[in-house]
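In this document, chain identifiers A, B, C and D correspond to the written order of the chains, with residue numbering beginning at 1 in each.
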Amino acid sequence: MEVLNADGYRSDGRRQFELRSITIDLAQHGAADGTATIVHGLTKVFVSVLGPREAKLRSLTIHDRANVNVEVNVAAFSSGERRKRAKSDKRVLEMASAIKSTFETIIQTNLYPRSQIDIYIQIIEQDGGLLQACINGTTLALICAGIPLVDFACAVTCGVYANSPILDLTTLEENDIPNMTLAMLPKTGSVNLTAMESRLHVDRFGDLFEVALGAGRVIHEEMKLAILAKSRMLVAEMKTIGWGEKDLVD
Amino acid sequence: MRPPSPSIVEKEFLYNSLKESLRIDGREPLEMREPTLSFGPELGWVECSLGKTKVIAQIEAKIVRPPPERPLEGIITIHSEISPTASSEYEFGRTSEEEVTITRMLDKVLRRSDAIDKESLCILANQRVWHLRLTLHFLADAGNMLDCACLAGIVALKHFRRPEVEVIGDEITIYPPSERAPFPLAIHHSPYCFTFAFFSDATIPPVLDPSQLEQRLSAGVTSIALNAQKEICVFQKFGGVPLLPKDLLAIIDIAVAKAQGLHQIVENRLKEDWSSRTVEFR
Amino acid sequence: MSIIFPGESAPANHVNLKLGPGLLQVSSIFNDASDGETPRKRPVIIATKAGELKHSVKGSQWWIESNSRRYVPVLHESVVGLITQRLGEAYRVDIGSAHHASLDGLAFEGATKRSKPNLKVGSLVYARVSLAHKDMEPELECFGAQTHKAEGFGELKGGFVVKCSLEMCRCLLNPKHFLLPMLGRRFPLDAAIGMNGRVWVSAKNVKEHIIVSRCIEAVDPDGGGMNEDELKKFLHTLGV
Amino acid sequence: MISFSFFPLPPEPATIHESPQHSLHASHDMDIDLAHHFLHDSNLTLPGETLTSSHAYMRGHGTYVHNEEVIASVAGTIERVNKLVTVRALRARYNPEIGDLVVGRITEVQPRRWKVDANGRQDAVLMLSSVNLPGGVQRRKLESDELQMRNFFEEGDLLVAEVQAFFSDGAMSLHTRSLKYGKLRNGQLVSVSPALIRRLKSHFISLPCGVDLILGLNGYIWVSKHVKENEQEGEEGFDAEAVYSNQNDEIDMPTRSAISRVTNIIRVLASHFVPLSDTIILDAYEWAMEQDADVSEMLHQDNSFALISAVRGRK
């Protein structure tokens, strides 16, 4: 499978630094505090956030901050062939603990002692960039839930083919070339998560980081636009039927 | 009873001492504890300890029929359950987060990185292949069991010898060590894992091979597994204090330097043990 | 020095015998065939721990010297505790024993309903065991038994805490032991030694704290087990 | 823990944000900061956006200070009140203040206190000493009261109470020591986002259609049968059986349909993020009566849009 052909196109027609199309739906679902669905190309993830709320198990509470709890559930139909994953599948558990520690530093947990913030991630379709979609979806859902964050966490996958970086990989590309998922904080341009499990020479990392941070900023833009659109819509709704002055005491 | 989190006195003392680049056990911030490797009677049995952290790795091989989807490759399985013997933090039955991290890291460092050539483990295509079973026992957790386990795993694989096997037609004869010298595994490269602990206070430098107190008080760890040929197999930073790319590149360079040194220590130790072993064969 | 193992009987008999840790009185049936009478029950002292059998000069007090790390609370022993939880008035304190001890908010010198020390979760206290019973949770107090004065008890601020074996703590409390005087000659140092295997140390700077904690770990029978001159050489390598 | 899920509501107007492929270039010359110029025209902000320098302004809710900059930590509207800058999140969990009227559900009975789910960050606490005891308002608390706490409130009971204080970790302490507070019956609970409920002079509302409303500031709203003035438990006639009884009165059909109609109105208004007040609910109710649409159909997409535009029209 040729990752990048002679005139610089990839197998799905994208160019080297081109990201897949992103669709973000921030509609409110059920009793969750914040919900978000994000689609990167064909990878679709639904995240719902509940909390900060009373912890189910008092033993899990921490006396000076909130306890972040992440659960990832992979739909059996999400990848090519149907595969029912056991509850104790180590790969899924590792992804959940990676997301948990990524957001434990971003969420201002010290504001909610002895409470719990639950993040439930449902993977609906996967075509590469799974951890990327989960992190971006979680950022959106947390913001929709009104939970204070230090910054967005914007994740992107990047690989190396013929010594030059490639962005936002599909499953085929992920299985073929060495790749890494990277999550960054746009405000400080610092890296919060890196996950790489394929062999790559040390010298490639320099420009890999640089390109990945650039891509992170672009994804940051898309997420900002989506949230602003929703915020403006909510504000507009509240303004049209304003308050009769007489019955307001403020 | 989960061990209580460290006291405020220990927390403040650790931060102050690290600000002066002093560590409680007298090491430099970027100094790794000297690994001591002691080998068992059989080949493929090693007890590796970093300071008081101790892990035993042991390899068994048996011949099995390969799964239909991979007829030409041998099978490597890794068993790494952390029992309460390591520290009261771990409970039977419940997989702790630490155990998930270690198990996944071993899988990435020893299996997914193709450190061992699986084709060489094939005896007779889709008939008989070698099944290597690496079992790890965690004896004591004095911090950074991850690096200790990875080191024990790779050293055990390098120390293991499998019996010589001859195939005529589809008739397989296995020669016990007393008859023919046992065969080492085909190892492409040997990756070593290095874990750095970072702290929320930016003035505190990152610390290599954290002790238990440093690990518990750190604001996130970053693990890098790489071989002596400067190829990184795993680069894993799950959350913790955000770092600028230049800081990440800095610790990569440190890990590269450390890998050379560690590789040398392991090779010498293996030679030492090999020379002391008299394998007589008729 | 006679080593005794669990189950062996100890030659301890005295009119008012006092048994220390590791010894147990059991009444076992002796069919003492020699004097032909019916078997009489005679109290026998057996050991329940392995260690060195020791007795006081007059032979009225017997005990076994053994080393362990799990602390069993004993009345009026001073311990270094870690506050793990605050329940209304009282604190729950971890002293390394089987159960958490409880320390009342008013168990401090001069504490009244209004003015009482406000300890946070995670702070260290030096306290005296005021209740130690095998069926009840141990209780602590932060003042002397008779004088009700602080006598050094209360919150421990700054410094560093070292974990070591119980025997090491007993050695440190023994004035004739070489370690503390040797360190004291090199730099000023104060320490709160808890019988529960935790020693709080306070010195001028970080380097000295590290030296003290490494020396304690080196001399600890469970750790390095160094004697006096080995320790001198070790101190020399530390540049002190 | 009993939690509520909504009647399947029509999704809000499309909040789907599409970004076609071609616009996404991670090339380095990506300088048009689309979101940036949106930010300036409205006083909306996002986490990570710098608001002002921390010398000029004091930081309030929804912000934090880093390198002498006040930075937003939530997505919402910026409010600058002389020297204080705060960001009010559009949709967030209930942020309690002393004196707030809240509706809650008992989740647990503990020694001398009840734990109450009040849509807060932690379960609120209702001390036994903060409730009215049978036999006169001023009666002192007895030992026997502690043993029969379930005669007052038990798990699952709904109540209306007032926030009287906060614990050190921010948990609310409630009290029901007034006759208008206490156990709720004869009605239905609906939960909306707390941002839609503003502080009103009185949160006890009687609609002319024979329905009483309690707008809890924590977003829990109780819709119940109207209780006439004289029937309400008078000051002196305080009898325990009435206040803590779990028995619903007889409710006739018209009142039942009125209650469900009002509840559906609230659900439709909330799903369109329309702030709630008695005038709006009453307008909507009159409109709904004119359409004499069947109560259950009110939640259908077209009906709810019709209702919203009608209510907007009458403003």
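Here is the rule we go by: contacts are C-beta pairs under 8 Å (C-beta built on N, C-alpha and C of every residue); 3 or more make two chains touch, one makes a residue touch a chain.
The structure displayed is predicted, hence computed values, not measured ones.
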Residual chain clusters - chain A taken out, nothing else repositioned: B, C | D
item: Innermost chain by mean C-alpha position; value: A
item: Most distant chain from chain A, judged by the mean position of its C-alpha atoms; value: C
item: Result of counting contacting C-beta pairs for B-C and A-D, higher pair; value: A-D
item: Rounded Å distance between chain A and chain D, as computed from the means of their C-alpha atoms; value: 30
item: Centre-of-Cα separation between chain C and chain B, whole angstrom; value: 39
item: CA centroid of chain C to CA centroid of chain D, Å; value: 57
item: Distance from the mean Cα position of chain D to that of chain B, given in whole angstrom; value: 54
item: Where chain B touches two or more other chains, by residue; value: none
item: Contacts with 2+ other chains: residues of chain A; value: 63, 185
item: Residue numbers on chain A that touch chain D, as the complex places them; value: 14, 17-28, 30-31, 33-34, 51-54, 56, 63, 108, 112-115, 143-152, 156, 167, 185-187, 211, 214-215, 217-218, 221-222, 224-235, 237-238, 240-244, 247-250
item: Of all residues in chain B, those that touch chain C in their complex; value: 4-13, 16-17, 20, 22, 24-26
item: Of chain A, residues touching chain B in the complex; value: 88, 90-91, 93-94, 97-98, 100-105, 180, 184-185, 188-203, 205-206, 209-210, 213
item: Touching residues on chain D, where the partner in the complex is chain A; value: 1, 3-6, 11-13, 15-21, 24-28, 30, 33-35, 38-39, 42, 44, 46-48, 62, 64, 66, 71, 73-77, 89-93, 107, 115, 117, 121-123, 169-171, 191, 196, 198-201, 271-275, 277-280, 311-312, 315
item: Touching residues (chain side chain B, partner chain A) in the complex; value: 95, 97, 100-101, 103-104, 107-108, 112-114, 219-220, 222, 226, 230-245, 248-249, 252-253, 256
